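When the chains are written out, they are named A, B, C, D and E in that same order, and each has its own residue count from 1.
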Amino acid sequence: MRDFTLFIPEYLAVGAAVAILAVELIWPRIRKDYLAYATAAGALGWLIAAIPYIGDSAGDFEGVLLTDDFTTYFRILAAGIVMAIALLSAHYMRNRTTTAGEYYGLLLVAGTGMVLMAASRELLTAYISLELLSFSLYILVGYLKRDRLSNEASLKYILLGAFSSAMLLYGISLIYGVTGTTSYEGIAEALDARAGGTDPAVVVGIMLIVAGVGFKVSAAPFHMWAPDAYQGAPLPITAFLSTASKAAGFALILRLFTGALVVDAVEWRAAIAALAAITMTAGNLIAIQQTNLKRLVAYSSIGQVGYMLVAIAAIGYGNVDTAASASSALLLHIVGYTASTLALFAALTAHYNRTGDDSIAGLRGLAETQPFLALVITASLFSFAGLPFFAGFATKLLLFQASTSNGLLWLVGLAAANSFVSLYYYLMVMRQMYLFDPPEGQTRFRPAPLLGALAGLLLLGVLFIGIYPQPVFEATDRAASALIEVSAWGLVPLP
Amino acid sequence: MTTEILWWIFAVAIVAVSAGVVFARTVIHSAIFLILSLAGVGAMYLFLTIEFIALVQFLIYGGAVTVLILLALMLTRMGVAGRPEPTTGVQAPFGALVAAGLMATLIGVAVATAWPGDPGGNAVAVSIKTIGEQMFQHYGAPFMITAALLLVAFIGAIVIARQEDDD
Amino acid sequence: MVPMENYLILSGILFSLGVYGVLARRNAVLVLMSVELMLNAVSLNFVAFSAYLDPDKATGIIFAVFVIAVAAAEVGLALAIVIRLFRNRSTANVDEAATMRW
Amino acid sequence: MAEHAWILAAVPGIAFIVMAAFGRNLPRQGDWLAVLCATAIFALFFAVLANFLNLGGDSWPIQNSIEWTAIGDFELNMGIAVDPITMVMLAVITTVALMVNIFSVGYMKGEPRYWWYFAVLQLFVASMLMLVLADNLLLLYVAWELVGLSSFLLIGHYWERRSAVEAAKKAFITTRVGDVGLLIGIILFWEATGTFNILEITEHVKNGAIGDTRLFVTMMFILLGAMGKSAQLPFHVWLPDAMEGPTPVSALIHAATMVVAGVYLVARMLPVFELAGDALTVVMVVGLLTALFSGVVAFAQTDIKKVLAYSTVSQLGFMFVALGAGYASAGMFHLFTHAFFKALLFLGAGAVIIGTHHHQEMGQLGGLWRKMPITAATFLIGSLALAGLFPLAGFWSKDEILHAVEGQGTWAFFLLSIAAIMTAFYTARLFIRTFLGKPRDEEVASHTSEVSPVMTLPLVFLAFMSIVAGFFIFHDFGSALGFPGGFSEFVFLHYPSAFHVDWGLVGLSTVLFVVGTFGGAWLYWNGRLDRSTVLAEWQPKVYEMVQRKFYFDDLYQFLIDRVVLGFSYLVSWFDRFAVNDTGVDGSATMTGYTGFVLKHLQTGKVPNYAMAIAVGVVALTLISLAVGS
Amino acid sequence: MDEAQGYVLVTALALPLLAAGVLLFVPGTQKMTARYFSAVIGAILLGLSVYVFLAYQASGDPLQMQLRWPWIENVGFLAENGISLHLGVDGISALLTLLTGVVAFAGTLIAWKLEYRAKDFFILFWILIAGVYGTFFSLDLFFFFFFYELAVVPLYLLIGIWGSTRKEYGAMKLTLMLVGGSVGIWIGIFAVVHQAGAGSFDLPTLWAAGQDGTITPDMQKIIFPFFVVGCGVLAGLWPLHTWSPDGHMSAPTSVSMVHAGVLMKLGAFGIIRLGIQLLPDGAEFWMPALLVLGTIGALYGAIAALTQRDFKLISGYSSVSHMGYVLIGLATLHEVGVSGAALQMFSHGVMTALVFLLIGALYDQAHTRDLSDFGGVAKVMPLWVIAYVMAGLANVGLPGLSGFTAEFHIFVGAFRTYPVFGGLAILAAAIAAAYMLRMFGVVFFGPLNPRWKELKDLSPLETVSAALLILSMLAMGLWWSPFTDRLANTVTSLPGVIS
């Protein structure tokens, strides 16, 4: 079945990307922030186009792509993220480059890549989609090409990205060798049909795949590119990296693991649990020592990835119900995390646009000079730490609760402990903002209205998810049940 | 039998030139070894009787990629002088260790796995028609995505490498 | 009568050599070449599997084609970045592109 | 009326609140209110007494209680129980309180915080009355603590003086140690019997609710409380120091009422003590040691109030001995008589202090009888009563105690006789050196004058009581006043027989009095020995030991400074360095340090990063292979 | 009726949050507005708290004024009533509600004289108070934890911004230790909700699961320490108490009041709610250990307080000691002991709030808290001294003040179950007398240090606050039954509590 109407929203997104490229080509002197607004409008159109798909019956494209509620969830998420990032970039990019069309176009393309990763039900498509996202990000990270850091970040990112892609591909090839197919359904059936026993090719293959996608979501020890890339990238792209890139990675992981690999859960769940443990611990411990805000956020987001991986481990350890509730909670957490991160970056961008300082100490006295931004930053950081009223509290608690099983209690406990460690460095940021007076000459200022409004809106979102997550939770629940519907549990009898 | 002997000769040669890529003292040598290695693997595809992919290998890798690499080497002015590359990194020995471990693992996997089908038999010739049908019908979607991907890479390379006024 | 394992072993050796190259070499272009070696090994794997195990659907072969295409694009993009690095710092040494750390 | 005897406590209680709140703004700072209150309770006491006697012995003890609190099976009632012992205590308290209140009007004139002084005095009276009215040990404990508080506040009344503060602190903490015992004892009783009511406890114990050992231990805890409050060895140290308070306070609290609370408690619990094995022997031994010890120490004191204080300790020892002998009536009777003459002596000392403008060292006094005849006369009566001159109050009660101890073995009797001699001896010394002879300090003598009537009047009344109080022991005397027989019959209805004068004992007592008094007179008469140097010249070390109170205070000081505070420093150090710096901050630092180490793995170099990826893959594979299979 | 009363709880919970929200939009320069507004809110809350306490019926179902608003349900792993805003009070929380009302109002008045960023202070203050109320009211584990955390977190800023001595260190340590403790609670929650298997955070449901063995006894024994250590940190459980001296030393006056007065009680309350009620088997197994720790804490705090030179350190250590009593009381699992623990929470709350109020009043003028700097303060600050003496006497357990009421119950409970520890606890009370009197002697009395001639006595606002607190102490000390009656039913209905 080749139903080309399934991806109308993505055509829109890519079309918008091309249009923006064309506009700048035709009219090179256009104010760069107009391009940002155009991108946001495009993303908005994309989002609106995605809405009719909510609750629609699953549409299958040749067995390689699937539009169901899960895909739609990531569609809306991607469109939202792109829209927010475009708005974030408006002021930031305005005077930093001579051409911005590619920047905004690539944002849209990257978002499309993310959606396709979520929609893929087949390894080749998943891989290509992943590369689509990655390529866009390589360029975006290095977009400030005369900025040594941006360039260095981009170099590291692409070299390691290529390296890990090779790993991923080798893993895929092994799985393909064992199962003779690359479609998730086929893999599940083939793995199930295997006559028991541990197959080294499967184990090594899965581990290589884990390395590949682990790199994408920056799970330790595959995370090392992340802090450097985050630090070097333009600020909005840092936000994009820590939201879209991770969300996409988890979309792929969820599809792949529930759709295919869960059949062989015994062979990877311990590794995923270990990966989760290492990731959250390393991320949080190293974050303590950071002085640069972007790096801090990078390590903190690595910690967050560790928490999210707990849900994946839980899927490996649990039954179909656990998988459904854990994926649902994970999707909820992703929304909360995304909203918090975007809010944080909206505020940081506003701050950076004024001071050009991205060190933690640069926030000194922000509560005096710009209390609203300080409040938004506080809210986001507290949301990361899982403190009440903010999204992180509800989502993290529900995520861990959904992931709890007797065998994984230790991991959940470790996650909780890590989340406590993380509070320390969030408080160190708070300390700069609230406990100290601003440096000499810093006076009160108003953030750009656009960023202020964006930050305020996202703050409301963070609060809403934190206080009353029911509606969002219901949505993620639908996405999760769509995911579970096409998962391996539907195909083969599992213990 | 001849095929086998020939195969072994090629296999050894590929390993040798591939080792050359990573061990060569100068970058330009590595590049040349890489061309040879890629060509060798292309030959392997011929052994597998899949000429289409061998062609792709020769064209894209042997042609486009290596030219690109050579170009880059010239642009970064290292190959031209033939200046010896500053030694390998300090972690080379550890890298060797890890690579050896990995190699052992991969070879182990290759040997120990009970592959389905008939791995002991001869490779089956795959018709270009099958490939074409599969690629444009079943794999139509990734094909289109790849189109976008190549466009992105293209634009990206231009954006990144483009010389601007103040460069 | 070359058995499939032979191809797999060859591919494993190539892949490992590529890994070694990435781990050991300091020139960015060389790192890229090593990655190419790895991808090459992957293609070989795919084609071998396809030829021996899955000749009907030829998934592996198509995968290999895509890998080659993507690899080419990746090299192009990466080299652009390396050149940009060289312009910025007059070096293509990855060890020296380590301003950001810790 | 008797069942509403709680009003007695309520009146001063309310007075306290009113005076504490508004006293400063009342005319004359409210002293009239205090006197009024004291008079009122004095009068009310007689009303209660009359009603009590009217109701007759069959209805005793008169009880009245309300439910106070209940949690599950734990129920607690609060109320009063009025029996003859209570009546005796009420008599003492109301009388002495009235006298002291009146006296204080003169004594405290012009002193700082005049109103506050009277307010706290009312608080004390209220608490003391509550103590003796309480029908259960918990309420008793509550009152017990409150009298301790009042005492603390009054000792520390002149808180600008460091020594007063120290004394108050010492009093509170020392008695507190005993109180810990008391509280433990009370709770142990509850644990065994499920009640706090004294009568019920007695019943339960009689029915064998508590095992022997356990009962003994419990009683020892109770005794600890009594010893603390009644300044028995080794808790006696606070009482002499408590003389830092205003002298009327010493009279009321530290001589007549509060310090006898311990005696009261033991008397109250005597039926239980009797069942508790050797507990009574312990009581007696404590009493004996205290009586002798403080008698000796009193020799070497030069401050008239200190002498009286040690005398008080000694007399409390007498009472304990009586109780230890099982003769509650004798102990209570001595308590009764002692209250009057010791209050008299303290108030007399107060009069001396006022009359001489704050001199109380015997070394600076002497020959005061000329200048202060009324004071001298009443003081003499008090002294003689204390020394035990026939037929003054002290004579009869001491006689009763000797009578009681007679049956306990000769050693106790012998030691107690010596203590009695010592009493007469130091009393003689005190009186002679203060009032007789020539003034030692002309400066002091020159502006000495008799005190005002508001102060002499209580002296006279108490002197009168010191003369007649002893006669309550007689059956006929009591009956004439409407009591069912004499003191003993009244207090303990089961007392074997009416009191008969044992003339042999009377003779002995008189001999003891004469020996002691004349010994003292011989030594000190007319300034023959100008200083208390007999002992000092004969045995300087022994004298020093006596003067330093057998080093008790020094020992305690050492224990507190070196052991308790040292331990505290140790704990503080441990808390800072071990728990906080090492345990808490240490783990935080370690976490940070781990992060510091980990972050240096992040070298910024691509090959290293790639290495991490490769190693990660290998490691994950190993984990999977190890755990999966 | 019950439902209608439930709205009182909702109001008490929402009001401070609302206040914080409103204050957010008050300009920072409008200090007086913020003050008056806060005072009014505080007064209303006090009224509501008193109402909750008085309206709580001593007989009948221990859980009263229940109200349930569905919140998150039928999604993910959550079943019907999975997470609901389920409010209600039992005797213990009714008592603690009263405490909160009293201390919060007193704290509001004390914060009056704060000049620096006064509005921000009140915002955080009200968030904290909302957290406290929420914890006491919540009958849903999710919201229990929600409010528990909410009460802890504002402390960092409250201390960090408005604090004094080593404020950054104190604030950081305090926050980290408390939140670190809540990690234990968090883990416990995961395990309990998972084990109960009802897909619900509703506490009564979970209690039932804990009591009928759905949460297996073995699991209970594993989980219990997590809860107790988690709550114990906030309750000053030895040896996790060290935030107390440092934190109190750094904290501004009204924060100290609320913190020592109310927040520490959250910990002990958590031990009841999550430990005794949720995990009866675990409680039975672990209580002796808690008893030992409580006793060590009681003695250790008292002994360490003996030689401290700083007012706040004395109070900090004394809090450790007194919270040790609470733990002893809980550990007895005896109806009187547990009641005593609840009473002690109230008693220590008002008493320590008063102490911190007074220390603050002195420090604001003298700018030193070193005992040896003072002397004869009674001369210039008589009201202050009287109030302090009252607090100190309550501290040493003098009858007639609340301390005795509480400690007496604890001792009775302890003697019924563990007599030796009961004896040690009483000993600690005796040591309390020593350190209190030592402080009295050095600071209040003796000749007046001329340096302090200018000290002013309590201001009218401070006097009102202090009077309110003293009144509370006296009320509990003099008339037990309103307090004990309300506790009796609740305490006897706790699982595993013996009589």
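FYI, a contact is a pair of C-beta atoms (placed from the backbone, for glycine too) under 8 Å apart; a residue touches a chain by one contact, two chains touch by 3 or more.
None of the values given here were measured: they were computed from a predicted structure.
**Student:** Most remote chain relative to chain C, going by C-alpha centroids?
**Tutor:** That would be chain D.
**Student:** With centres defined by CA atoms only, which chain is the most remote from chain A?
**Tutor:** Chain centre farthest from chain A's centre: D.
**Student:** Just to be sure I understand: the centre of a chain is the mean of its C-alpha atoms, right? Then which chain's centre is nearest the mean of all of them?
**Tutor:** So the chain sitting closest to the middle is E.
**Student:** Per the centroid of Cα atoms for each chain, what is the distance between chain D and chain E, given in Å?
**Tutor:** 37
**Student:** Just give me the whole-number Å value for how far the CA centre of chain A lies from that of chain E.
**Tutor:** Each chain reduced to its C-alpha mean, chain A and chain E end up 41 Å apart.
**Student:** State, to the nearest whole Å, the distance from the C-alpha centre of chain A to the C-alpha centre of chain B.
**Tutor:** Using C-alpha averages as centres, the distance is 31 Å.
**Student:** Give, as an integer number of Å, the spacing between the C-alpha centres of chain C and chain B.
**Tutor:** Centre separation, chain B to chain C: 6 Å.
**Student:** Touching two or more other chains, which residues of chain B qualify?
**Tutor:** Answer for chain B, listing residues that touch two or more other chains: 89, 91, 94-95, 98-99, 102, 105-106, 109-110, 115-117, 138-139, 142, 146, 149, 153, 156, 160, 167.
**Student:** Could you list the positions in chain D whose residues touch two or more of the other chains?
**Tutor:** 588, 599, 602, 604-608, 610-611, 614-615, 617, 621, in rising order.
**Student:** Using the touch rule from the top of the page, what residues of chain E touch 2 or more other chains?
**Tutor:** 176
**Student:** Any two chains that touch count here, so list every such pair.
**Tutor:** Chain-chain contacts present: A-B, A-C, A-D, A-E, B-C, B-D, C-D, D-E.
**Student:** So in the complex, which bits of chain E are touching chain A?
**Tutor:** 71-73, 75-77, 131, 142, 145-147, 149-150, 153, 156-157, 160-161, 167-168, 172, 175-176, 179-180, 182-183, 186-187, 189-191, 193-194
**Student:** In the complex formed with chain A, which residues of chain C make contact?
**Tutor:** Where chain C meets chain A, its residues are 8, 15, 18, 22, 28, 31-32, 35, 38-39, 41-42, 45-46, 49, 53-54, 57, 59-60, 62-63, 66-67, 70, 73-74, 77-78, 81-82, 84-85, 88-89, 94, 97-102.
**Student:** Taking the complex as given, what residues does chain A use to touch chain D?
**Tutor:** Chain A residues touching chain D: 155-156, 159-160, 163-164, 167, 198, 200, 203-204, 206-208, 210-211, 214-215, 220-222, 224-225, 227-228, 266-268, 270-271, 274-275, 282, 285-290, 421, 424.
**Student:** Could you list, by residue number, the parts of chain B that touch chain D in their complex?
**Tutor:** Residue positions touching the partner: 89, 91, 94-95, 98-99, 101-102, 105.
**Student:** Show me the residue ranges of chain A that touch chain E in the complex, using the header's touch definition.
**Tutor:** 321, 324-325, 328-329, 332, 382, 387-389, 393-394, 397-398, 400-402, 404-406, 409, 412-413, 416-417, 419-420, 423-424, 427, 430-431, 434-435, 468-470, 473-474, 476-477, 480
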